[in-house]
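Please read the structure below before turning to the comments.
As written, the chains take the letters A, B, C, D and E, and residue 1 is the first residue of each chain.
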């Protein structure tokens, strides 16, 4: 998983049908110390994350598993809002 | 997901059979502010995107899920045409 | 999907059993204007592509879907031979 | 798989339900000689790895296979704690 | 798939149970002309590859398909030992 901070929202009215009603957020991936790494990505949010929250993002086809009964065409999902990171090395 | 702008079309007459009739577009990935990131990729389009549209692209094996009854050998699909992006940070 | 040009062949006699008889080609990924991007990869070819052909390649686990009844351990396949690319921007 | 060293812990109270009780560690990917490569990632740990351990990490959708009866939305898991690496070239 | 040369072995006694008895090798990815590209990765070997062999590696979730009846949490596997590469361009 990747750690990152929510930096914004994405709205798309015209989209694949099964995505209606879902919320998509822009996330800036970060290293353990909070420095940005890589480029921002868009992730599905189902747990109520908001701008400024530090989150954990799952990428790839496992992302769709957060909604069991629908095979959604998504490749990134916010799976947790981070309380704290404790890095001893690195 | 990745955000990007449709920059062109790709035509291939000779192809795997199940891909007949599908439309493929070149998409330039972009950051939230519209600056190009990464190299262009080819994505399946089923929602009527055109050159100049800003779109949301799903990559990887989840891409094939936009067509439920066929297991298509595709790894990128346009899932939405973006109305607006609201980025507060980044 | 990625666009690229076939640059060569790969032969491997000793291999996983289910791969016997399959043809593998080296493909140099390219941007829409034909400039090389990224490093060459090896892709399965089932549609008769040859050196010099410009092709469309699917990567990841969706690649194995070109052969429905066998779950092949492959991660890249040529899905089309490109007739033309029309890029208006980029 | 990637080799890396565990450098810390990640805590997230608010998360997707099926992730409750699971342990997530920050891992710094490394080359065979121990030099850091790429940026740190977060991986599920089920085998008792701790900070300083050198581990083997599986990424992508295969990561969820460590827990057979649940389709977890995770994309990285520690699959082994490394005893030794013997590199003759590179 | 990626081409690379086997550069070493990885041993891990403490690991996920279903991985017991499997052999893992370090592989340095290479371009068609043998120059190293990217960083080394660890791949499962079932076909008897050894240090110095040039091999073809499948990455991602398709890698687990080499062992049909077990859903292994692996993301890279050696699928062939290369006899020769014939590159005309690139």
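We adopt the following convention: a residue touches a chain if its C-beta (ideal position, glycine included) is under 8 Å from a C-beta of that chain, and two chains touch if they have at least 3 such contacts.
Given the structure is predicted, the values throughout are model-derived calculations rather than measurements.
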{"item": "Separation of mean Cα positions, subunit E and subunit B [Å, integer]", "value": "31"}
{"item": "Gap in Å, rounded to a whole number, between the CA centres of subunit C and subunit B", "value": "19"}
{"item": "For subunit A, residues contacting two or more additional chains", "value": "60-61, 63-64"}
{"item": "Arrangement of touching chains [line / ring / star / complete / other]", "value": "ring"}
{"item": "Chains listed in ring sequence, where subunit B comes first and subunit C follows it", "value": "B, C, E, D, A"}
{"item": "Partner subunit A, residues of subunit D touching it in the complex", "value": "5, 7-16, 19, 24, 26, 28, 36, 39-43, 51-52, 60-61, 63-64, 71-76"}
{"item": "Of subunit D, residues touching subunit E in the complex", "value": "1-3, 29, 31-32, 37-38, 46-48, 56, 58-66, 68, 77, 79-90"}
